[in-house]
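These notes open a run of structures that come right after.
Shared between the two complexes below is chain A, which has chain B as its partner in the first and chain C in the second.
And now, the complex of A and B:
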């Protein structure tokens, strides 16, 4: 960062204040005015943001693609449901166990990633996700089999509105951890490793250690998101965690913009809300107005529109939403325009 | 044991067909094509659509292959070519996007229904091996796969076009300097790969108990990739052998009582096979040594 003090006028400060207040109102106050069923959808958007951030740690920071993230999330969901329903433990214990299990399974996959990289690792994660879906999640004694496992909300957060704020608090913690991860030595090491493993190792970056840290952080984020998802719907079934869902997770993170926290949060929330918005805006009838096309059900909207957005992002706009949000963020912080190329990370000299 | 073997070999030859297309694309451009399965599903839907409005089966099969070809060429033109200079992981994600788009669209236009396809050759159980009847449809898959693997090997070893594709995969710049158009070759390989995927789909769909959205991707993409990796990722006969090995492994996992308490035993078997292969022998059974030490790729 250059040392020039940011220039702000009274008008600029007022405009910034108004935008921040508007955003805070949208996230903190608006849901209070909506019905419980609708708030469930917003809660899901918050949880998807955590999932997106989890995937961003792997893909964006560690440079390892995961096409099996439905397994990461699903393992969290089933662990939380198991501890809550079968062992009748409280919320704190359930989240604690979930985080441990999530970190452990991510660590195992991380060990595999040290040996198998790139395209082959993507294939391993894809296979891992599918195996979890068809095998792991169908072990009846752990997951309740086809009937699934119940996961009642913690008593203190039983109302949909309270639960929304609980998830929001988790998102805030995840954002903080993510920020600390990138702002410290680990973040710089991961950046170097992602760009060139050999050069980074030769400069003393502990490749194994930081890759495994990234995997475990990602695993903890994803499993917490899974647990929150389970409580939000009240139950978990194996059929939720499909190959298609894993692809949606990847798409929302890439469209959101890898390595951009704001972009990933907005992108993930956008995909969680696609079906809902599709319904609210009566877009289904707009689609069926086109001759020969049947109604596009709202739950399929992300599956059809998501990939189109992904292909557009990859070919035309590689920075995703994050790229679009960057100037707004800069304006909000009243920082001068960056002089470095888009997508480059700001390195501090700590 | 004999029966498990036969079931496995036949199922595996279906995987081998899909794997051939994966190997072809990887050999020519280094891309893991996650849309390969959907080329097959699109062909199955086109065949089913044409057949259900009264088109004779043979012609309907051609319609299916044409649909696969069209989807392959469209993928090449609108996704692969604009991203050709991008890291291979980006292309992997892009083809996965194509796959999801196809699955979503099939679910949407197919209204989420399960459909059924009659076999190309009607008679069942004509030939008996180890006392296990093998249907004509299964023999057809086996024969098609064997013929294609041999034809492909001949093509890459003996024809100018085949050598040009190999050259392109090894050194794109030098190949272009020899006056070979990378663009035309890319279109050609994607077209052929899509037809192979289409064949895999339309030949194996009648054997399944119905098909729905994402049929080939969900039932065969991962086994096919495992087959290709087992075969060395660049070897066409390897894809055939790999397919059979994966098919037999799955069939053993279902048959033997050791696995009876494990739900989804075939998927566990495939996962174990894939990870073991990559960890112990990354160049596969028939892969060349050079394929093993692939340089580290820049990430997304």
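And now, the complex of A and C:
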């Protein structure tokens, strides 16, 4: 950032180094020490982070809404499974086709968004998601119907641990693309369009073009995440992609903090892990000890926790996890604090 | 370079523009003057592509661009500044300039998203270019500040930098000097002439400040009721009797109410210190050691340049800012820690800078929202509304029109009317004349006089000295301190004007 770093003492550098090493250890080394079944859960957290970033492009950057993101992810999952199993193509081809299909379906929805806005468009996305869930994903010839479609992991990454690192690599690429998106003219055009479309037009930014670009980038991210999700579980069934899932996607992105890459990644991973943590920490028994509270299945944990965190985010921390992480990030980069607390006043709408 | 040929626009049944023609030649500076509601901004919308004319054509460098969308006109070399500052809120000045450089990037959007190597070097070039532009306009020191909260005069300069960042051949400026003090305006005239030379730009501007227009413009058009009233050299247009009548207003006998004596203080401000932000983000104090009284029934005006602390003073009186130190008494009660909403209930109402009406709501609904305090008392609401309608017959006629479609003067009247709906005892008005033509500002000030005659105490904040004729006493602020206090007559003195308000004598 600007100015000289305030703390460049040896102690400060050592502390920062320790934190970076700790984080790297947690992400890169810790999973190696765990069982394959447990690593599958971490892989899912990585994939959720990609989904969160996909939604962030749409909601955070383009100021659009998608309540049907399970369709974006599901279409990616089924496309990858279909290309891999039915056409017996390799992983690279499958991912390539998935990205194309993901971009194309997002483009269609994007074209709708140019004509219908606000609440009505939100309803369109909701319908799109449920339509995909109840009809599109049940076309037996494409999706294998109720039995679903098998999606074996690519041979080189057949082990759960190796596959985890493959997904991590994809997340890294997605983060890079997302970063360059915001650091180049497309991201700035979206910023201008979101804030004031007249000003954006006077800068020469074409609203239609950049809105469609945002939809396509979001579609590619989501479909890649869907493909990775399919390989992780080994098969895809239509029942996976429910409206509840779409809600969790939206909540995890907002709670993570729109327009904050770190926040969205942490928020998404957190929601992917809630069910697992719920089990691990024996929270279910703790909750059932509270009288008058019904037994809570672990997989519903995100849907109960989500709204509570969402309420907290909306009322107390509009910047979500991202806002809370920002001072840490600044400290890690040894940059001076911003001249005002971010998040609260800065772009609290959208 | 630009040719508007017989353009007409109507909104519903109202003709906003009627057969307007206009020509701007290469490297000219052309001014458009005219009262509020004359159709000037609508004409800009037609020129830069926000509105399609019902009839007529717009040609740019001989090419018919009537059907081209706004962003393509920008690409063709047409840039526009806005009446209420066209910047992206919530981000830094640097981010604004980079966003404005959209057309200057040499790479495609997708290459940028994929982060290809060539885009990195081009980004560095764009970044340097933005810094150079900021340097030229003297904005380097605010580059990494968010635009929110910067003084209006600086925002106008940032907007100009953003406009130049689009690499324009023709620049449309909508009231560039509104909100500037007389000294700043004089300096801005030189800036414009300088920019024309260094950037080789042609300028078309809407402006109310006639001396400024006379100084910089090669050619002037005067609009009224959507028609061209006069066109020609600035001095010709200025001397045109029709223009004098419509625009400058009849010479009004300076009506000054007899000084009323022996009044009790309604507000006592003692040793106030105010700064922005909290904790380690706290700014240095914006107001220091501020002590003054507002007498019951008087009209007090706070004068000073941009950044003097006038708006901050009003915001602190209204309860939007909490002082670090000092106290505020209202009608004998200590209200220093009272939240804004409760102050409204006591009778303190603020008319914010820039009008801030709810643009999507009707005039009627805007007024009703102003009566939020009386929401359980329909009778009281009706009474307030009748009073506002009597004061502002123009608003009464436009009851169900959306507030966003009103002209600037009407919006200002609505903002004041809305404040009156709370039946205030103390009315705080921030820059009532901002962006209004002299005739319309005079009308607004006259309304304020009438409101005051009804017994409402008024505190005005103004840049110019025009408000002095409508105030009993004046305070001049400079860098957060009171540097002069006196009656209006004492304040309206050449040496003071020159010293504190930057008016050249």
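Quick note on the criterion: the second predicted complex is superposed on the first by the 332 of 350 C-alpha atoms of A that agree within 3 Å, B and C clash if a C-alpha of one lies under 4 Å from a C-alpha of the other, contacts with A are read in each partner's own complex, and residues count from 1 in each chain.
Note that in this section a contact is a pair of C-beta atoms (placed from the backbone, for glycine too) under 8 Å apart; a residue touches a chain by one contact, two chains touch by 3 or more.
Every value quoted in this text rests on a predicted model; they were computed, and no experiment measured them.
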Clash or fit (per the criteria above) of chain B with chain C on chain A: clash
Partner contacting more residues of chain A (chain B vs chain C): B
Partner chain(s) touched by A:99 [first = chain B, second = chain C, both, neither]: neither
First, second, both or neither for A:314, with chain B first and chain C second: first
First, second, both or neither for A:177, with chain B first and chain C second: second
Chain B versus chain C as contact partner of A:252, first or second or both or neither: neither
Touched partner set for A:225, first chain B, second chain C, both or neither: neither
Chain B versus chain C as contact partner of A:45, first or second or both or neither: neither
Partner chain in contact with A:207 - chain B first, chain C second, else both or neither: second
Contacts of A:265 with chain B and chain C, given as first, second, both or neither: neither
A:185 touches, of chain B and chain C: first, second, both or neither? second
Where chain C runs into chain B (options 219-227, 309-317 or 363-371): 363-371
Intersection of the chain A residues that touch chain B with those that touch chain C: 195-196, 198
Residues on chain A engaged by chain C in the complex (per definition of touch): 1-2, 176-177, 179-181, 183-189, 191-192, 195-196, 198-207, 209-210, 213, 217, 337-341, 345-347
Chain A partner contacts - residues on chain B that touch it in the complex: 32, 34, 78-79, 82-83, 86, 88-90, 92-94, 96-101, 103-105, 107-109, 111, 214, 217-218, 222, 225-226, 229, 262-265, 267-268, 270-271, 274-275, 278-279, 282, 294, 296-300
Interface residues, chain C side, partner chain A - complex: 48-50, 69-72, 74-75, 79-80, 82, 86-91, 95, 98-103, 105, 107, 109-110, 112-115, 119, 123, 144-146, 148, 162-163, 166, 277-278, 280-281
Residue ranges of chain A touching chain B (in the complex, touch as defined): 59-60, 63-65, 67, 112, 115-120, 122-124, 126-128, 130-131, 133-136, 138-140, 194-198, 243-244, 247-248, 250-251, 254, 258, 293-294, 296-297, 300, 302-304, 306-308, 310-311, 314-315
